[in-house]
Amino acid sequence: MIHSVGAGAAGARDDIQQQGMGLLSRYFAVRQRSQAICAPLAEDDYVIQTMADVSPPKWHLAHVSWFFETFLLTPFLQGYREFHPRFAYLFNSYYYTVGMMHPRPQRGLLSRPTVREVYSYREHVDEHMEKLITQLDAGHPDAEAITARIDVGLNHEQQHQELLFTDIKHILATNPLRPGYHELGTPKSSEPPAVGWVDMPGGLHEIGHGADGFAFDNETPAHMVFLNPYRLASRLVTNGEFLAFIESGGYRQCEHWLSEGWKTVQDEELQAPLYWERVDGEWQHMTLGGMRALDINAPVCHVSYYEADAYARWAGKRLPTEAEWEIAARQVPVRGNFCGEGWLHPVAAGVVSESDATPFMQMYGDVWEWTRSPYAPYPGFRPLAGSLGEYNGKFMCSQMVLRGGSCATPSDHMRVTYRNFFYPGDRWQFSGLRLAEDA
Amino acid sequence: MIHSVGAGAAGARDDIQQQGMGLLSRYFAVRQRSQAICAPLAEDDYVIQTMADVSPPKWHLAHVSWFFETFLLTPFLQGYREFHPRFAYLFNSYYYTVGMMHPRPQRGLLSRPTVREVYSYREHVDEHMEKLITQLDAGHPDAEAITARIDVGLNHEQQHQELLFTDIKHILATNPLRPGYHELGTPKSSEPPAVGWVDMPGGLHEIGHGADGFAFDNETPAHMVFLNPYRLASRLVTNGEFLAFIESGGYRQCEHWLSEGWKTVQDEELQAPLYWERVDGEWQHMTLGGMRALDINAPVCHVSYYEADAYARWAGKRLPTEAEWEIAARQVPVRGNFCGEGWLHPVAAGVVSESDATPFMQMYGDVWEWTRSPYAPYPGFRPLAGSLGEYNGKFMCSQMVLRGGSCATPSDHMRVTYRNFFYPGDRWQFSGLRLAEDA
Amino acid sequence: MIHSVGAGAAGARDDIQQQGMGLLSRYFAVRQRSQAICAPLAEDDYVIQTMADVSPPKWHLAHVSWFFETFLLTPFLQGYREFHPRFAYLFNSYYYTVGMMHPRPQRGLLSRPTVREVYSYREHVDEHMEKLITQLDAGHPDAEAITARIDVGLNHEQQHQELLFTDIKHILATNPLRPGYHELGTPKSSEPPAVGWVDMPGGLHEIGHGADGFAFDNETPAHMVFLNPYRLASRLVTNGEFLAFIESGGYRQCEHWLSEGWKTVQDEELQAPLYWERVDGEWQHMTLGGMRALDINAPVCHVSYYEADAYARWAGKRLPTEAEWEIAARQVPVRGNFCGEGWLHPVAAGVVSESDATPFMQMYGDVWEWTRSPYAPYPGFRPLAGSLGEYNGKFMCSQMVLRGGSCATPSDHMRVTYRNFFYPGDRWQFSGLRLAEDA
Amino acid sequence: MIHSVGAGAAGARDDIQQQGMGLLSRYFAVRQRSQAICAPLAEDDYVIQTMADVSPPKWHLAHVSWFFETFLLTPFLQGYREFHPRFAYLFNSYYYTVGMMHPRPQRGLLSRPTVREVYSYREHVDEHMEKLITQLDAGHPDAEAITARIDVGLNHEQQHQELLFTDIKHILATNPLRPGYHELGTPKSSEPPAVGWVDMPGGLHEIGHGADGFAFDNETPAHMVFLNPYRLASRLVTNGEFLAFIESGGYRQCEHWLSEGWKTVQDEELQAPLYWERVDGEWQHMTLGGMRALDINAPVCHVSYYEADAYARWAGKRLPTEAEWEIAARQVPVRGNFCGEGWLHPVAAGVVSESDATPFMQMYGDVWEWTRSPYAPYPGFRPLAGSLGEYNGKFMCSQMVLRGGSCATPSDHMRVTYRNFFYPGDRWQFSGLRLAEDA
C-alpha cells in the first residue's frame, strides 16, 4: 500500500484482522468501522438522499443499529427497552413481518433524529449489545441462536458499509461542486497484461455454500450444475477498452443492446458509464477522491448490466454465468483491491499484489462483476426462518447476480460463494465486468 | 367438442390440419385465420389500445403483413414496391436494425390507415406472397432461405393470433359495458381429480430443440441440465383452489410474496386475478363470451408470476423450472384445450380429451404455465443472423418463462420446447400455474 | 366565397339562417349540422382520443344527446325511458351533481357503443325531443323552463360542433400520415393593410350581457368597469409577423415570456405554434385540408396564451383586457370568417367581406383572441340553478378569456359578450391574438 | 405580548423599530434577523427539502446573500470578487437573464456548501456590503440606484424570512416525529365576537401604490376601479367555523367546489386543512411549537384557495376582491399578529391589541387572506428595468392574490397595497380567509 489514510478515515486496514477476534471485539470492530467511514463527512452529507436507491448516511447508521435492537436486544436481552418508540418505523428497511416502515424514497426528508441523536442511538445499542454478548459467555440459554444472529447482524452492517461508500459517492457526485469524500492516493498505473483466455472444463460441478463458516441463505445449498467447456478472461475489462467501445459508436448502435438496455440508452441519453464527464475534451470521472482524469489501465466501473452485456456483445464475447465465475474463482485466494487497501476505487491490474499461482487477476475486489445469471433460488433453497427470511429470498426476481466484491467491500466480508444482486439498470455500485466465451 | 363456432368465428377447427399442406395452402390457411379471428369485431374494436401492452387489432393485422413485406417481398420478389412508404414506420414493432418505428404506446392514436385500408394492405401482400411462393417451385435461387423465413413469418403470425385474442379481451373488458367478443359455449364442469404428485428423476437431462422441424432460435441449442429429483403436480391449480388462497387472506399477507409482488399488490390494490369482479357478493369474471360466474373447477387464469409464486408459497410448494416442466411434458402428446377447441377459455380437467397414457393432465393448452425460470439464453445460444436476430434474443432480461400454450394458442404452433416469456407482473395473457416440489 | 363544400360536408352555409326558424326546425338544424360535420370521417376517426383534452367524435355526438336526455327528456317527457342504463355514466362530461362519470382521459378506450349505436342513440333522442317540442305548442305546463333549457342544449351542441373541428384536427394531425379531413378551397391571399392603432376612450363603460336573447350565465350581469384610454390594433397578428418573432429568436429568449410560459417552451422544446412543421426548409402547417404551405398573410393560429403574451411583449405591446375588446367589438357587426364560410382556417384580412363602417377587421371569426383577462366571475355573478350551474361557474379559476369566435364557430352562436376560456397553455383551439397598448 | 421568546429565537420584537434607523443599521438588523430565525434549528434541519415549493433553510440564507452579491456588490463595489464561482449557479432562484440556475426541485440534494460555509458566505457578503454602504455617505456616483436596490434586497430578505418559517414548518411537520421548531407560548383563547357585516360603498375608488416609500413594482401604478357596494366581514373565519363545514360534509359535496378544487379533494383525499390530524378522535394540528389541540377560536389557516372558496360558497358568501379588501383595509392601522408578536401562529381575535377605531379585526397579520382576484398586472403596470424585472411581473398568470400579511410576516414589511400571490392549490403558507357579500 503506497499511500496512507489518516485517522478516522474510511477503509482502515483493520478489515482483515477480525478472524481471530472474540465476538465482542469483532462486534466493536465492525461497529466502529461504520463510524470511521463517516468520519470525513460534513454533517450535511449525512442527511440527504440523492435518489431512491441511496439512503442518507445517518439512516444507514441507524438502520444497522435497529437491526441489532430488533433481532437481538428486544427478543433476547431481558428488560431491554427500545431507544425510541418510533425508530422501529423510521429505520426498518423492508421487513414487513416486523411492522410498517417509513417509505424508502422519503428517507431524505428526515431532519430528525439528528446525526447526533443517531450516534446516541448507536451508543445505546452498543452498550446493550455488550451486555448481551457478555451474557453469552455466562451461558445464555439461547447462546447459539444469538451468536448466529450476531453473525448476520455484523455481515449486514458490513453490507451497509459498502453502501455507505456508494451512497456517499452518489451524494457528492450529484453536487455541482463535485466535492471529494477524502483525500485519496493515486496509484501508479501501467498498462495491464493482454487478456488471457483461460480454458475451463465443462461437466458436472458443485457450487454454492456447503462448508462451515458464515454464509447468507441465498448461497445455499451447495448443488450440482452442468457446464459446457468455456473460457474466462484473465482480467477485468479496462477503461481504455471500454473507451474503444464508446468511440466506435457503441452507445449509438442498437445491435449490441438488450431491448431494455437500448430503451435506457435512449431515454436517459447515456453516452458513457455513470460519473464520467467530458471536460474540455478529456474524459474525467468522479471518484471518492474527487474528479480525476480517467485511468485507461484501471477496470471500467459504474456500468449497468446493460452496458456490460452490450460491451461483451460488441467485443464478440459474453458475460460468464455465476457458476462459471465461481468455479474459476475457487482457484484464487480471496485477496485483492478491497476497501482496506484504501484506494476506494478500482486500480490497474498489478497495483495490489495478488497470487501468482493462478492465471486470473482481479477476481476479487476492484469491481463487482456482472454475470449473465438472473438472481434466482438455488435448487432446494430455503430462506431463514422468521423475519430474517425476508433478508434475501424475496428479492429473487428481476435482478442479476454480481460476484467477487469491490474496492468498497470489506475483505473479511467476501467469499467465493457470495452472491450480490442488483437490477440490470443499476450503476451506482462499483460494478464492472470480465468477459467469457464458449470453448 | 360439444359446441360449435359459426362461420367466420375465431378458433375454427382448421388449426390442426396444416401439417400436410403445401406451403401456399399453409400460408393462406394461417393468413385467413387471422382474419377469421377478427370477423366478430365491430369496426371500432379494431382501433383502440387499452394499455401500452395491447395493440389495436388492425395494427396486428398490418404488422404481420409488414413482416412478410419486409423480410420476404422487398428482399426476394423482384420489382416489388411497398404498399405505402410510411407503413414501414407505422408497423415495425421493434426491429431497430430495419429502421425507426412509431412509438408503441401510441398505436391507439392511429385512425389511419383505416381498417378497410389495412385489409387492402393484407390483400396486396397476399397477392405478392403468392407470386413469390409460386416462384419457389420454379426454382428460385434463394428458395431455402425464403422457405425458412416464411416459416418464421407464419409462426410469427400465429403468435399474433394469440395476441389478438388477449388484446381483444382486454379491449372489451376495459369497457364498462363488458361486451362479449362472441357467443361461446359453456363447458360442463365437474370437480377435477385430486392433485397427484408425480415423482420425476434427477440427474442429467437434455432439453431444448435439437431435432428437425421449426423452432424459434431461443429454444436452441439442445443442452444438458442437471436436476435434483422433484415432484410435479398432475394438473393445473383451479379457480376453487385459488379462491381458498384469497379467502384465507393471501392478498393481505406479505409473507407469501416476492418483494416486487407485494409492492404491486399494494400499489394496485390487487385482490384477485385480472378480470375477476365481485358482483352482488359472487365472483364473476370476464371471458371472451362476456361476464360469467366463476367456474371453480376450471384452471385459474390471468395471474401474474407474482400471484402464481405467492400461491405456491402459501400452498407450501413452488413453481417448476422450465427444465423440470419440459422433461415431464415430453411424456405427453401435444394435445389439449387450444384455440381450435373453441372454448377460448381454460376448462376443467377432463372436458377436452387427453391421453390416458400419462399421469399429467392439462400440460398443453388451457393456460400458459409460469415457471420459476428467468428467460435467459441457453448455453451456446446464437440468435438468427440479421434483423431477425432481434426477434427473441434481445428480450432475455427481466422476464420469466411460461410453457405449454393456452386456450388461445393455435395447436399447430405448440411444441414441447416452446418458450414463451412475459414480465412477472403481466396478467393479460392466459397465464396460470402448476405446482412442483422438491422430492 | 370562391370554393364549394360538397353535400354532407362540414360548415354548410345554413348556419346563419336559424334566426327566423321555429324551435323544432332550429333543433333539427343544429342536430343535423353535428352529423354533417362528421360525414367526411372514416369510422376509425370517430373512436380515438389523441390527448386528454380531445374527445372522440362519437363521444361528442353521444354527449350532446345525453345532455338533452338528462336535462329535458328525463325530467319533462312523461314516460321517457333512457336509451341505455350505462350511457349516463359514459357520456356525462363533468356534471357531478347528476352522477358519476367515466374518466375523461379514458374516452378513447371505448370501442362500444359503436359509431352505429351512437347514431341510433341520437335518433332515439331526436324522436323523443320532437315529441316534447310538439307538446310545448300544446301548452306544456313547464313550457318556459323547457324552452330555456332547449336553448342551452342547442348552444351546448354548437360549442361541441366547434370542438368536433378542433378535435378532428388534432386526431388527424397526430397521425404521421397527416391526412386531411376534407378537401377545402385555398383563399386568395394578399398582404393585409398595415396595422392601425385605434384610439379608444377611457372612463366608465358597461360590459356583459344585460339585454334579451340567449347568453350563458358567465356573461352576466352587465356591470360597470373603469378603463384607462387605450389603443387597439385594427387587425389580427399574421403568420408573417409571428414568423419575425420566431426568426429573431423569440423562442430562445426568456425575457419575453411569463415564467410558466418559459418553462413550457423549455420542457416541450417549443419552436413554433402548434401544427407548424419545417419541411425541406419551408414552414408548413397542418390544416383541416391537410398539410399546406404557411400563408404569411393569414392570422397566426394555434398559439397558447404564453405565446400570444410573449409575442406582444416582444412587439412592445400587450394583449387587451376582455373589457377593452368588448367595448371595441360593440362597434362591429357579428360577421366574419365563421365555419359557415367553409374555409375552416383563418384567412387573410379581406378575403371574407366585412363592414367598412368600423376601423376594425377580423374582430369576429378567424381565431379566438386571447385577452389578458383571467376567467373570473363578473361582479354579482350567479350561476344557473341546479346541475346546469356546473356549466360555467366552476371553471372560473386558472383560465384566460378569449373573445370573438373562430373559423370553426357557427356564426349564429356568437355575440359581443361571449366569453370563451381555456388554460394558458392550450393550443389546439383556433386561437390567435390582436395587440393593444396604453394610450 | 404575554409570553417571551428567548435569545436567538425567531420573531424577536425588533421588527417594528427599523423605521428610524440608518441604512447600515437597517441592513444589519434585517440580515441578523434571518439568522435569528434559524438559531433554533438543528444542523440537519437546514439541509432538506420536503417538497418542490420548500427550500432548505441554508438555501434561503445563501440565496438572499447571492441577491446582494449579484445586484449590488458585483455591479457597484469596485474590485469585488464573488465568494465562490459556482454560487451564482446554485443560489440563483429564477433570474434567467442573469444566468442558468440549479433546478428548484433539487435544492435538497445539496449537502455542500455546508451550513457553516453558507454562514461564511453571509459574513463575506455582509463585510462587503458594509463597505459599499459606507461609500454611499462618501458620495458614490450611483448612490441613488444603490439605495433603491438595497431597499429591494432588504424587502426580498424579509420575504424569505416568512418563507423560512413556512418551510421550516413543512420540514418539521413532514417528519413522523412531529418535532417543534421552538417552545412557543399558548395564547389565552376566548370566543371571538360574532361576525359583523360592514357596509362598504360602491363607485370609483383608487387602489395601488402611488405615494412615497418602498413598494414592489406589482403594487403600481395607483389606478381607478369601479366597485358595486359590498359588505365585508369584520373578522377572519375561525377554526370552529371551518370545522362546521367539515362536519356538515363539505369535503364530500362537490357542489361547493371549483372544478379544479374538487379534483384536488379527490386526488389527494383531502378532509381538512393542511397540518390537521385526527388523534384519538380529536383534531390536532401542527404548529411551530409542535402538535397542539385545535383552538376553535383562532383563525383557520393553511387552507388553499379552493378550500377558502368552497367554504365561502357553503356559507352562502364569497371571497372579497383585492380592491374590496384594500379599500376597507385602508381604514385600519397596519398592526396585528405579525411575527414580532412571537406566537408564530394565528390567534383568536382580541389576543393581540388592535385599533378600536375601525369595525375590522385581524385585517393585518394572523393569516394571508385569499381574495378572489387572479394575480394580474394593474393597468399601466411596468416591471422594474433589467433583471429585477423578473421579480414579480413574470408570475402574473394562474395565481391568486392574498392580502394582509400573516403571523410569520415582519410587521415592517407590510403595507395596505401589498400583493402576495400563490397558486390556488397552495396550502403551506399561513393562509386563511375573510368573507364578503354583495350589498
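The letters A, B, C and D name the chains in turn, as written, and every chain counts its residues from 1.
Simple rule for what comes next: contacts are C-beta pairs under 8 Å (C-beta built on N, C-alpha and C of every residue); 3 or more make two chains touch, one makes a residue touch a chain.
The structure displayed is predicted, hence computed values, not measured ones.
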Set of chains whose contacts include both chain D and chain C: none
Centre distance in Å when chain A and chain D are each reduced to the mean of their C-alpha atoms: 47
Computed distance of Cα centres, chain D from chain B, in Å: 61
Shared interface positions of chain D, touching two or more other chains: none
Touch relationships between chains, expressed as pairs: A-B, A-D, B-C, C-D
Interface residues, chain A side, partner chain B - complex: 94, 96-97, 204, 223-228, 254-255, 257-262, 305-306, 309, 372-374, 376-377, 379-380, 394-398, 424, 438
Chain A residues within the chain D interface of the complex: 42-48, 50, 58, 86, 89-90, 102, 108-116, 171-172, 174-177, 179
